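Notes for the one structure printed next.
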Amino acid sequence: MNLKAETLSKIDEVITHYPVKRSATLPLLHLIQEDIGHLPADTSEWVAAKLELEPINVLEVITFYPMFRQKPIGRRHIKVCRTLSCALVGGYKTCATFEAEFKTHLGEVSPDGEVTVDFVECLASCGTAPVVLIDDELHEKVDVAKAKQLSDQIKAEAKKR
Amino acid sequence: MFDFYFEIPLVIRLFLQGLAVIMVIFPIAGACSMAERKVAAWIQDRPGPNRAVVPWVAWIPFLGTFLQRLGIFHVMADGGKMLFKEDSLPGHVNKFYFVLAPIVAMIPALTTVVVVPFGAYLDAAGKIIPVGLAPLDVGILAVFAVSSLGVYSMILAGWASNSKYPFLGSVRASAQLISYELSMALSVLPVFLWVNAPGMEATMGFGRVVEFQSQPGFLGGMWFGFLMPLSAFIFFVALFAETNRQPFDTVESESDLVGSFHTEYGAFKWGLFFVAEYSHMIVGSGVFMLLFGGGWNPLPWVPLADLVGWLAQITPLASHPLFVGVLSISIFLGKVLAMIFLFMWVRWTLPRFRYDQVMKIGWQRLLPLSIANLLFYAIAIAFIQK
Amino acid sequence: MAVITVERKPLTFLERTYLPQIAGGLKTTLKHLVAPKKTLEYPEQRPAIPTGYRGVPTLVMDPNGREKCVSCQLCEFVCPPKAIRITPGEIPADQPDRAHVEKGPKAFDIDMLRCIYCGLCQEVCPEEAIFLQNQFSMSGYSREEMVNHKDRLYELGGTLPDAHFKWDKKKAAEEHGNAH
Amino acid sequence: MIATAKPDLVTVNIDGKEIAVPKGTNVIEAARLVNVDVPHYCYHPKLTIVGNCRMCLIEMGMPAVDPATKAPIMDPATGKQKINWIPRPQIGCGTNVSPGLHVRTTTPMVKDAREGVMEFLLINHPLDCPICDQAGECKLQEQATGYGRGYSRFIEDKNVKPKRTQLGPRVTLDDERCILCSRCIRFSKEIAKDDVLGFVDRGSYSTLTCFPGKKLENNYSLNTVDICPVGALTSTDFRFKMRVWFLKQTNAIDTESSVGANTVVWSREGTIYRITPRRNDEVNDTWMADSGRVLFKAVQAPDRLSAVKINGTDSAFDIAINAAAELFKANAGAVAVVGSGRSTVEEQFLTKQLATALKASTHLVSRVGEGDKLLVSADRNPNVRGALVTGLISTLPGVKLVDLGAQIDAGKVKVVVTVGEDLAAAGLNAGQLAKISLIVLGTHAKSMDGGAKVVIPTLTAFEKSGTFVNQQFRIQKFLKAVPPMAGATDDLIVLAKLVGAAGGATIPTEVNALWKTIAAAVPALATTTFANLPETGQLLDATPFSALPFVEGETLHYKPAQPVVAAANA
């Protein structure tokens, strides 16, 4: 585990928030993912040692929540809503557009290492469906045209770098 | 022509004649057992035994196959089997009587043949002389006397077997034979009453009976079977019982007595019982044909002499004694074989009587009937021959 | 309960002598004497086996030529005379067409001296792998010969059409199905 | 009528039947007492309750009382107190009895609940019964028959999961069959204290896994197979060997240590296929160690002794006994008997008789290992206490047969009778063995067999009946599971013949008759009979031996009477 000193101190701090150490499992995992971008294979053992648990207990938590990623992702994370409202107004098409634009498949890192497209459950903005979350930024009413526009924007930003 | 034969000493001659009879009876008995199986099969819509074949016969086209299909080689197979299979002697039997029984069975079976004429030839005078080993005057009496000894073999076999089914069978055999012998004897009496007309030399021989049935004229040419149908019928039924044939084979009765008197027997000893049974049938059939079936006369109202006469018009060879002898023996044998077929036919038609039914038929039906029959014919003959 | 007394017609004198009946019987048997034969001459002529005939029990392959028996031993359990003896075994993972079945008989013996052809094995088989087929004559010179081993059972059984393809479906699901 | 309850008892009504049960009992156990079966998967009496299978749903209610006055409300229709039934079904495993609790298990609601739960459990369960080793003892099979719907409405594709995962060296996992009851996880965590199992990918694809890189390889791993209600966890050793319905069950005792875990030996036609634990709440609960489950392989081991031998050549039993008698006569007073802590009480009694008849010194081989604080104790002899009770020894056996070695070296012992013990392995050196004439009663070929004067093959614990006295001084019986191997003779017969050869009295060898002799001769066993020995064993009076320094440490249901001082000696 190669964590930043800042993260380590946060971890030590967050453990003190709970009466039993075990309860700090989720915050710890979040902190590690924020730091590294995903949860590497040895996370379970590291966290278990930290919280005096068995590694399998931590692994159970990691595999339960879809938001914990066990594999690295691209620099940008595009999450397309798949739930009913968005699906009805073309969420699937939006998702397919992103996949085609970046020549990638769901859950995989695009060949240029720029993005990972995920088809996720409700992003809680049904009134403006279909919605897409790119990193922490919510985009509403993303039809195919807007999806293309967003893709171009991301590609342009990538080129600048 | 056959004079040389009569020059042979009598003892040897009789021995040769006896041997000849055995040589004929044995194969016929064997053939009968085969025929029995074939007839049984045909009546039951089966082909019957048709597998055994002698190799070089099988090579003959058509005929070989035909003989094989006919099953005649099974006679040889069966006989060979009976001769060569292990002749076991059960441990619990009375050995002496056990071995004696089949021998005792054979003696009356072969002896009775002696007195039965089985053909006729024309002597120099053109008179028809019966052919037989011993044309005894007591004829029918000898047959009755000797053939009823056959039951001793069954009693011996059943008792010596020291086993309950054979014993039961032998008891049945003795009772059955006694019951039917009476009716049988009574049924033939009218025949001899008739043929021994007052003033004639009395005889119980068969020659006279056949001779009587060969007379010209309506009554003369008519066989006793037509003249005395009831007598013939009683004799016929009693014959079935005497030879232990279905429907009177309660003695053997395999469904309730396993195999009865021959349960413990096997191989050749068992075979002897069957040869004896078939000899009984042959002799019985012969007697029936002599008494009621016209003997060697070919047809009712057609005596042998007439037939020979007609044939002699075609070829003089027909009146040769040898030809007449062969012809008469063939006719007689043919009739006997027809009778034997009747035995088999009846066997596969009628179910076996229960033992009590056998006794009832014997004592309560046939015996009164035969007595009444005798009285009727005695009176009738008295009137006719007055 | 009403009792109906059936009046039996008294027999006539002639009937009581049984002679007409005997003559009738003789007539019947005489007819059969000359009637065409109804039997088959067995080794040369073979009977037509009706469908559903219960002959010698055999093991069958599915249309892909894969053995269907998974050695669940239910037939061994149900067999009334205990004629069946199975030694179960695991199918090694390196057999691509059978590995997904996992289990198969290592040995499968049916003692035909014990078998009573009741067909319970066929009835109980959950995989439709054992069938009593047309073969009806079994013979041998020794007791050992009368025990049908697995090879012989498959040789006798051959392949039967099968509409289920249970294990094919299972394999397809394993390869393309709902795997996570 | 509700019976007045004893202070610690609670009266409950289950399907109309009143029963008083101890406080803290849950509804499943209470129902079991009135022969009402409440189906369940995840509940196990020796594990914590999680209530995740939902199979034990039942209807519950409490007698109605007026909230204000606390007076009972009577039902005018029946004249009894009205019951307030909870409108939704409750789980039986997670509900402890309370006074006046009413339970109904036969109502349509319960039936619907069970059918629904069964339907959900079967959604992803494969149709594997023909190949599944659990078939025949499968809870899912039984309860699908008993409480299921009888047909499937599921037309979608079933989930596909790994079919043959090796969880450890002895356990194979078929994930498709798993119904997620978590018994194995709880066992590993709570009993085996080896928390390596868990569910990952919870949701539609919940999968039981061992933590990557770890294995379920503790010495109790096979208990997970026993408690698995379906065929998900199977024993790699027993996998696809035999269907359980063919197997005959014989009660036995684990011989690997002085815990004396109760077991069941499963055999068919003289072949043992597996050993599983038998519940005895006083000894081993429902568990046993994996190491005890493979002991049956010794029965058909290739080195089993099968022929009587004299000086290495095959001989006959009677001749061997005569040869022994001659040795006894020629060396009167110079005979030693080595008994065994692995022999049964009966055999030890006869060994003692033999020693008495020969006026011989007696020795016992000690086997001390490390206890695992659960079901394998430090003393690896199952029956040292039997030897104490029968008087074969009076002190605990010393290490390496030092006494016997010294006697041999001094020339005082010229003949040694050994009952099932390998003297070379037990500590005698080659020089000492060379000095003595050896009479061996044994089951397996051993190093000194070639040098033994007389070798008589005897039986393994699976081929005979007998009793062991475990560390708690609990005498427990085991029964013959398979017929003896050809050529081997029952130890009791051999020993009785040897007693005769040594000039002793005739002793019956049939176990029930022998027990009459034992009861008469051994005061501690005066009231014991073999036939009436309870399934759970009978505790003997341990006070005469309380001063002895037993080597066992603490194990499940056993606390040593005093601090372990013997360990220092060892």
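By letter and in written order, the chains are A, B, C and D; residue numbering begins at 1 in each of them.
The definition used in the following text is that a residue touches a chain if its C-beta (ideal position, glycine included) is under 8 Å from a C-beta of that chain, and two chains touch if they have at least 3 such contacts.
All figures in this text were calculated on a predicted structure; none of them were measured in a lab.
Of the two interfaces, A-D and C-D, the higher number of touching C-beta pairs belongs to C-D. Chain C has the Cα centre that lies closest to the mean of all protein Cα atoms in view.
Inter-chain spacing, taken between the CA centroids of chain A and chain D, is 52 Å.
Rounded to whole angstrom units, the spacing between the C-alpha centres of chain A and chain C is 63. With centres set at the average Cα position, the gap from chain C to chain D is 45 Å.
Rounded to whole angstrom, the centroid-to-centroid distance between chain A and chain B, based on C-alpha atoms, equals 115 Å. The set of chain C residues touching two or more other chains is empty.
For chain A, the set of residues touching two or more other chains is empty. Residues of chain B in contact with at least two other chains: none. By the touch criterion given at the top, residues 22, 25-26, 28-30, 32-39, 41 of chain C touch chain B in their complex. For chain B in complex with chain C, the residues that touch the partner chain are 39, 42-47, 50, 345-346, 348-350. Interface residues of chain D, counted against chain C in their complex, comprise 126-127, 129-131, 135, 157-161, 163-164, 201, 205, 207, 239-243, 245-246. Residues 70-74, 76-77, 88-90, 93, 100-103, 126-127, 166, 170, 173-174, 177-180 of chain C are the ones that touch chain D when the two sit in their complex. In the complex of the two chains, the chain D residues touching chain A come out as 189, 195-203, 209-212, 214.
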